[in-house]
Amino acid sequence: MTVTTDRIGAPPPDAPGRGAQGRSRGLFAALTVVRLGPVLLLLLIVAVMALISPVFLSPFNLGNVGLEASVVAILALGQLLVIITAGIDLSVGSVIAMSSIIAALWIRDLDLVSGWLVIPSMVLVGGLAGAINGTLYVKGKLPHPFLPTLAMLMVARGVALLVSGGQPITGMPESVNAIGSARIGQMPLAVLLVAGLAVVVGVVLRRITWGQWIYAIGGNREGARRVGVPVNRVTISVYVFSGMCAGTAAIVVSGQTNSAYPTAGNLMELSAIAAVIIGGASFFGGRGTVIGTLVGALILGVIQNGLNLMNVPSSWQYVALGTAVVIAVELDVLRSRLETRLRTVRTEESES
Amino acid sequence: MTAPIEPAGAAGGAPVLEIRGAVKRFGAVTALAGVDLTVGHRQVVGLLGDNGAGKSTLIKAITGVHQLDEGKILLDGREVTVDAPTTARAHGIEAVYQDLALFDNLDVVTNLYLGHELTRPRGLRGLGWLDRRAMQRDAQERLEKLQVHLPDLRGHVGLMSGGQRQAIAVARACAFASRILILDEPTAALGVRETRNVLDTVRRLPEDHDISVILISHNMDHVVQVCDDAVVMRQGRVVGTAVPSPETVEDIVGMIVGAKEGAGQKGRSA
Amino acid sequence: ACSSGQGEDGGGGDGQHDVAVILKTVSSPFWLQVAGGVERAGQETGANVTIQGATAETEVQEQIDLVRSAITQQVDALVVAPTQADQLQPILDQAVGQDIPVLLVDTDIEGWDGKVSFVGTDNHGVGVTAGEFILEQADPGQVAVIRGVPGNPSTDDRVDGVLETLEGSDFEVVADLAANSDRAEGRAVMADILTANPDVSVVFAANDDMALGALEAIKSAGLAMEDIMVIGVDGTSDAVSSMTAGELDASIAQNSFDMGRTVVEMTVQHLDGEQIEAQVDTGVTVVTPENAEEYGSQLEDQEADLS
Amino acid sequence: MTVTTDRIGAPPPDAPGRGAQGRSRGLFAALTVVRLGPVLLLLLIVAVMALISPVFLSPFNLGNVGLEASVVAILALGQLLVIITAGIDLSVGSVIAMSSIIAALWIRDLDLVSGWLVIPSMVLVGGLAGAINGTLYVKGKLPHPFLPTLAMLMVARGVALLVSGGQPITGMPESVNAIGSARIGQMPLAVLLVAGLAVVVGVVLRRITWGQWIYAIGGNREGARRVGVPVNRVTISVYVFSGMCAGTAAIVVSGQTNSAYPTAGNLMELSAIAAVIIGGASFFGGRGTVIGTLVGALILGVIQNGLNLMNVPSSWQYVALGTAVVIAVELDVLRSRLETRLRTVRTEESES
Amino acid sequence: MTAPIEPAGAAGGAPVLEIRGAVKRFGAVTALAGVDLTVGHRQVVGLLGDNGAGKSTLIKAITGVHQLDEGKILLDGREVTVDAPTTARAHGIEAVYQDLALFDNLDVVTNLYLGHELTRPRGLRGLGWLDRRAMQRDAQERLEKLQVHLPDLRGHVGLMSGGQRQAIAVARACAFASRILILDEPTAALGVRETRNVLDTVRRLPEDHDISVILISHNMDHVVQVCDDAVVMRQGRVVGTAVPSPETVEDIVGMIVGAKEGAGQKGRSA
């Protein structure tokens, strides 16, 4: 009787139920499909778009979608870590502007030949802004990261305006422009960048202790402290990472426009947060996945792209985008209920 | 505070842990009003007392969750500052808290190993690769010892029953304590068999792993079964000590409820 | 109106005129040019000029607050570029009620007789100019227009001007989308337009930033610059360099520097008791690759440095 | 021994400690001052402003501050209830635009003589938007109100643009203009409106069962369900109320500008949320006060007004406002730590 | 599921509550696999079983927190649908949950009365004015009966000790139950005296207030002291019933741990 992990009433993992074999197999298939989760949702939306607009599925347009979603996706990957710790980073949009402007100025004024240095510079400036956010929150014992990151939202925009004098700085090094616009075949480099970043974040979250600590802090901050997780350090690190992602997004934005300009990234934080939440993460912390986040960013990108392809006027775009977001998430709610339902039915089947 | 309070739990081996004059205030509430406590080597000390007596506060001060306003903590005779849970853990102190401190969003194995993750390569703390397989194997073994039924080791702890949750917390602390194990009502939610297993474990631990145990419990039977010494608190003070046995139970209960006061007795203050 | 004397910024005491200039914003090249003109006039006339603007062109409320605090400071005159014409009128009425003369720049409040004068070009006219440029210079084909922030009157008026001018012509407007006056969004919207309408041959963007973004999209789609005419508005230095490089085809410039300079000069004249005109049109300049270099050289020293 | 509420070791409430009487009295005074809480903070900021700018304390300017803070304060009072339930309402800024435009059009097109009807209309439209937010969240079982209210942010803006054709509608009834600009003495009517609203919200939160339920839901949503609180109805109600506040703010905005325009209220949601959080409410729900919220709105208003009075250029304003917000909240953190410290010392005193 | 299961707890008065064939699945976990339970009028039924046996799930189905996948609930012989906690409360059912469901951000009095607020005028539920004074007075009385030490009735419950919290939850449920009171391990965190008081209360309640009680406990002594009937669950099924007495304790424990099986016994499934 010292069974430890007997799944009460559950079937042995290999045998898919004994009773109604056929039905059970159907269930199994349905369950597999439903378990695709957010990806299923994305496929659905893509299908709708493809039906409405014939050019939607052209490789070139898909490249466009990827390119357009890439900035939000990069920000969202950083935001994901922050949100898993039950935090929020409102500053990312402004940090795009600040880091691209500072890096661009630095390169221009020092007259550096090796223009690629602008790339690490942007990431660095972004990381610095994130370090300030995290330190103010953690060491300054502010009650919620909303406050320091809102302050950074303002300060970074101000700094961007100040150091640039309000003027855009046009002309980026080749390397930056390549990241922003070059394609390998129809695949934009920026999309590959997102993919690489996603793999890194995914590995950290799922395979590395640090990532587990991030989930632990979001699940039970005081508990994490008690079991000896370096809560402060981990918390600061996610803000630094989010800032670095903003710096990376700055590279893409600068490359896309061949310039740095002080109003860049305006309101991007909202899209990034929306992507993460649409992707199934919780504002209360402890939950969220890389796949979900990417899907969230792509859902926003696909809907926007579809509306543009259909030349929907901007006032209608607001209405349509808002409605589409709600419908998308509502569908996911239904999907996950269906999943639970199917699983219960399957358990039932296998018992009888 | 001038009443003579005998050092509690002085029996059994050299003292591993000593608390002297511990005071802890929360705003207008004085949770600890000058507590002395001594835990000997390989000793199991029962910490008893009414609800709100200050037991949990005392052990939280030992594990660095709270900082004492006054008083000293000595480990192996040397004064230490336990300013954070990490410090306590570095000293080999592990605890099961009354409110458990589990991670509802994580699975059983992760909960068991959080902060003690097995990684490859072993040394790297935060940056190591998680060795899930090793942790899974090990977790299975430990939980079997307590004979807890868990539906799935990969299930989220948030969905588990009260007793399952407590068992996980106990298994966790027992696994990692290397000097002092602190158990704050560890069997409150456990079933008959699971309780028996935990008490067995507690009884064997001092010898098997060379550690001392502080056990908080409201169950006199349990205290008599496993404790070498019993310290009774009331309203933030130690009001008496006794060696628990079927004969002294009556006395101890008397001290707890205040009907009868023991060794270091003292009238109610303010 | 004379200064109250209690201002600490030292204007009133030495007989200078305190003039508060409240622009829509000072964070874009266009407004920096206006501010440059204001500063120049300030130096030339010896008036004590302060320049302020909301944090973005859409922040009406902020601008109202700025006007209000100028009234509190009892400045001698107010120069305002109303973000939303009608929305500013009540607070400007208050200023007039406190005997502070108000001059408008860039955007008029039509039908409001409280103002002393209006200096600027109407944005609708800018659109008409752009439309006429297209009719003259481009071969008939498909046109795409890119708006600013939806509901922003200046950029909407420009686009409407273009659309009205092109109506009934051989040009077909196939896309009408908004890019929030942002360069990156201009790029994204243009990329989508090109996907849906690969034959687009003329693009009008309601400001230069979006036009430059659109150019990037055209470039990265691998299309030839010569096949698509791109027109922006504002004549910013970036636009000028793009034209010099043979990319952008035209930018309709509103002579922003002159606007700023003229309005301050007129304000000082008014404060000195001179008679001034009730409306001054500072006109537009169509900047094209031909005159870009010349136009660009005068830009250099016109810009304000507000930091 | 059946003492129930003996404060262990605490002094009898009337006797302020026996030992060091003098010092104890000093402590008591210090404690009283520190306990002023957020108000103390506001007084501090006002003092600084008064030192920097002599006109700051003029009655007219104080009226200005009140007027400028009133819109944010009204929104924040609605947002407060939402945040106490651990929610968020991102839509309030756009709802200002939508409700003012719809009400204005309705009045204009129906050619109604009694222009004051525009007032209830705005509140009504706002309440409707809130009802949609709340219903989508609660009945649609969306994981977090971020999603429906973000969607409403977009949809309401879109609707405002659509029905107005992007054009402002000028000319508001006298009554509306009075609320927006009239003053009694130097006291703007809008400030009285805020005061009235604050009293109502305060009474509901502190004296009425419904208000207690709002706190309960924020503290433990599932628990509230278990003890029979009508969680869904209460949750929907706070979104309706927040929408109605947005409608009320629309009245003030329309009155201040004698018009309705489709870009009104842009980004106001951020200021409103910031006011509530600066005022000590928690994003995790269950905490927050009316006084704190008003102080939060006033802090933002006072800083902004001060910066305007000093003619700080807008790029510096960003930097200054961001910094000031962080400093203000940091001061409050210090203040509340001092409060705990003083209380502990007082307990200690009275024991010895 | 075809094994003969005798109706449990059929003794003592007409049945107030009957559960028939209750099944509840959580995804792959079957928490209740066909449970029958009968609670007589003025009866105190002990619900026993190992950790994870399904006890809490069963009572949550009764109080409307969970909905059953299969099975019926009968109150006074009439089938009812308990689709929400409000429904259960309307039927006069109150419960202390194992996870307490307290409001950490509210004070003791508010916690006690939440959902049952005293208002002026009385009838108005949500819209009435809170009559804090009346609640405060009443709360004081009720807590005195349980003899719990609380530092301050206006203190936030989140800062109270484990036992203080539990006492508040118990006081609350006892105050408002009018037909059935359900207590899920109500004394787990309580001190010696507080436990005694709660057990006293439970014993007196049926007569004094004409209600029935379901008591979940792992403590055999308590069950023997207060229960008229004991129902033992294991792995989602009822495996036996007994009238608890010092003589039957052995048997009951046997049923719980599975060493010995009682009346409606059944082998392990799956």
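As written, the chains take the letters A, B, C, D and E, and residue 1 is the first residue of each chain.
Basically, a residue touches a chain if its C-beta (ideal position, glycine included) is under 8 Å from a C-beta of that chain, and two chains touch if they have at least 3 such contacts.
Keep in mind it's a predicted model, so treat the numbers as computed, not measured.
Between the interfaces A-E and C-D, more contacting C-beta pairs are found at C-D.
Each chain gets one centre point, the mean of its Cα atoms, and the points for subunit D and subunit E are 42 Å apart. Mean C-alpha position of subunit B lies 29 Å from that of subunit E.
Here the CA centre of subunit A is 36 Å from the CA centre of subunit C.
The residues of subunit E that reach two or more other chains are 26, 28-29, 52, 148-152, 235, 257, listed in rising order. Under the contact definition stated at the top, the residues of subunit D that touch 2 or more other chains are 1, 7-8, 10, 157, 161, 166, 314-318.
Taken residue by residue, subunit C touches two or more other chains at 26-27, 55, 150, 306-307, whereas all remaining positions touch fewer.
Every pair of chains meeting the contact definition is listed here: A-B, A-C, A-D, A-E, B-D, B-E, C-D, D-E.
Those residues of subunit C whose C-beta lies close enough to touch subunit D in the complex are 6-9, 25-27, 50-55, 58-61, 64-66, 68-69, 72-73, 84-91, 94, 149-153, 156, 306-307. Listing the residues of subunit D that touch subunit C in their complex gives 53-55, 58, 60-61, 64, 67-68, 71, 157, 160-161, 164, 166-168, 170, 177, 180-181, 253, 256-259, 261-264, 266-268, 304-305, 308-309, 311, 313-318. For subunit D in complex with subunit A, the touching residues are 86, 88, 90, 136, 140-144, 146-148, 150-155, 157-159, 161-162, 166, 270, 273-274, 277-278, 280, 282-284, 314-323, 325-326, 329-330, 333.
Within the complex formed with subunit E, the subunit B residues making contact are 26, 28-29, 49-53, 56, 98-99, 148-152, 155, 159-164, 167, 184-185, 188-195, 218-220, 235, 253, 256-257. Residues 1, 7-11, 340, 343-344, 346-348, 351 of subunit D are the ones that touch subunit B when the two sit in their complex.
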